[in-house]
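So that you can tell them apart, the chains are marked A, B and C in the order they are listed, and the count of residues begins at 1 in each.
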């Protein structure tokens, strides 16, 4: 990646092409990514769909092996094929398919139009090059900047992400930075080319709570300034409550529920989302509420159960769930879920967990009744 | 326990090894060599003649015959069958490889375990001694040792064996050190297990795999060293057959009767390669970490 | 402190330093540097209670747990288990101690020997202490134990690699409970697990505690998990005990500015609450434990630090009954709205 002959590109930047009418900035349509391994076909991503516009933040929530990371790596064209293979669906960026794009064109998109930051800030920086050199690389490659220009811009970027004394720090090596500082550098690097979309794969999981708060704040600040879209991949519902506009909940390679932040938190309709909600210890002040975990373990992606993938762990599963794959139910607002019963308002009302809003309403009604 | 385990780790390793074709070819070749070498006395003298005694009556006419149906590898200057000598040479090569490695492994295991488990002064003294051994060119060191204790097959075993321990000790020491870091070793300490139990039940079974792999590859190396020594006249004493001696004998005739050198050369090449392939396969198969990847 | 009769474990002025420079000469030189992993930590645990220990990475919470178990030798201080000092125990006494004190590890992959079946793993403590010499009896007991922790007893002959992370953690818990210890030190037992599995394991730990009356020292970085499971909670920062109290008071009325900022930094999975609360975002990184700041270890990041904080180290004192705090300005919610940066 480093070294001789950084080619300057004079090609049209996709970012400057307008989004064709009827399209969004990013559209993922029924994307399927399977891995062909010795043990069988691993259905890592099995029909993911969503849309994303500039300035928006999508939170992707799921447990390990739910396919949340693979979805994004597929969008970035970072999955090795084979063993990976796109078995269906498409990803459109400004109306142009990223799946059928040539590797050379993809290089122009990656890091430039769509940038990514990873979980582990310790291993995502190359230890033998200075921070400045690593920051400059993308800008020289994508923007054709000279060494000097790129270094100047690097200093500016470091200052922007809140690294003190950037003129000095730009000459230092990754080991001279703390974990939180490295994640700041990663964000600076991702934002160097002013991307349309920033994909963040568990950017705060390896960091302490107080540092996590700093990083999330920084990402929000940067978004406000640059207007980029963010895809935030995390297992922590708390993080998406902070930052997301829309949320996709994934289970066993499939999106089981998708909606706005309020819909997912205050009107969830899929039993898996309910289960996640009930599994999280509530920040109680007066008394502790028992946890209601989801029983059992996630299924093997090689050998998915018949019917609904969540049926074996779902407390409400019926014979229908165990035999037939549920259809996707979509409401007018675009809130969708993959469950046989999620459009049954009575079923949802009876089983959905209490939220702070329903509690508040309940209290109000009680008050009203007393008065 | 009452019922059989469903899938043991060794069973897993075996199933992975089976899938590695090159390793299996290596293993089959080694087994074939061992079989031929062990049964040689039963059939070789009757069909191919003696490996050591020259055929005096027909010496002139039998000398350096090219490969034929009767003598598949040809004959040498003294009219002896080359295939016969290659087979008997295999005995010596395999014996040297296995026995010398066994000696190195034994010393290496003890030294490595003492260094890693005791640490401190033990570690410093043992590992610095190993460094000193490794600082000398290996073959020269073996030759020097043979010069002191004299040539001959037993001394070759001893010299190669004794001088080979430092690398095994290093491999075992670092394996132990990395296994020692695992929480299950702490868990055993936390439940009050004795040092002996921790070493035998937890550390040894998890660190021995790397030594198995290294020792397998080391056998090939020992065979090469023996050949080199015999070639230089420091190893096996003629008329006993050894691949190194045969190459040495044949080098004069390389231009005219190349089989004299090529046949034992191929024997060395294939055998060493077989041990390397098997060792490679074992390394991949025994690597516990691969399960989780 | 509580009535002595009830106290199972008492930690007094525990400290642990690790040398930074390895090598013979560096170690013995006059100005050898060391990491002050644990610095004069004192607390006690009553029989049957859960004592939570929280803090960020490198705050010394795990080292504290390991020192109590003597998996790491403490540099100074006392660890009294039922009145006997663990630090000065002989080998024999230590072995007896380890019947009563067990450990559950964070990493469900590294904590089980891959070459042993789960039956062998769970029965190992029984074999070591010779509590159940009859093999058939032992196997029956282990099967029962596997059933209790929610594993299929038929899987007794399987190897750890055949199980998921959550199931392995259940094996680790079964092993810890095999000798019916009085205290189990749980070092981040759920932080490697997924949310839904984490809840299963937390419930299992609570159930087992109710059944056997075991006390837990529960070490974790996740404040909500610690709050959920603990009776009392202690907060550590840079090797020092900053504050401890019963969970309710600590979470509702933290008296230490560090605890308060830590609590406010935890993202709550509820957008309304998240939007409405005041959040304190600490600036900068925790200082290095090799060269800790003078005075209060938190003063470099503290929003309400005064001049005296960098000079004088605040003692851990009882600010409210049963509520201990090491801050010169300890009071409920010491960081006032006026000193919070507007985010």
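Throughout what follows, a residue touches a chain if its C-beta (ideal position, glycine included) is under 8 Å from a C-beta of that chain, and two chains touch if they have at least 3 such contacts.
Note that the structure is a prediction, hence the values are computed from the model and not measured.
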{"item": "Chain-contact steps, minimal, separating subunit B from subunit A", "value": "2"}
{"item": "Centroid-based (C-alpha) most distant chain relative to subunit A", "value": "B"}
{"item": "For subunit B paired with subunit C, centre-to-centre distance based on mean C-alpha positions, whole Å", "value": "50"}
{"item": "Centroid distance [mean C-alpha coordinates] between subunit C and subunit A, Å", "value": "32"}
{"item": "Residue numbers of subunit A (touch at least two other chains)", "value": "none"}
{"item": "Subunit C - residues contacting subunit A, complex", "value": "56-57, 164, 166-167, 194-200, 202-203, 221, 223-225, 227-228, 248, 251-252, 261-262, 265-274, 279, 281-283, 285-286, 343"}
{"item": "Subunit A to subunit C touching residues, read off their complex", "value": "63-64, 178, 180-181, 208-214, 216-217, 235-242, 261-262, 265-266, 275-286, 288, 290-295, 297-298, 355-357"}
{"item": "Subunit C contact footprint on subunit B (complex, rising order)", "value": "1-9, 12, 124, 182-184, 186-194, 197, 201-202, 205-206, 288, 291-292"}
{"item": "Residues of subunit C touching subunit B in the complex", "value": "24, 69, 71, 94-99, 101-103, 105-107, 109-117, 119-120, 124-125, 128-129, 139, 156-159, 161-162, 172, 175, 179"}
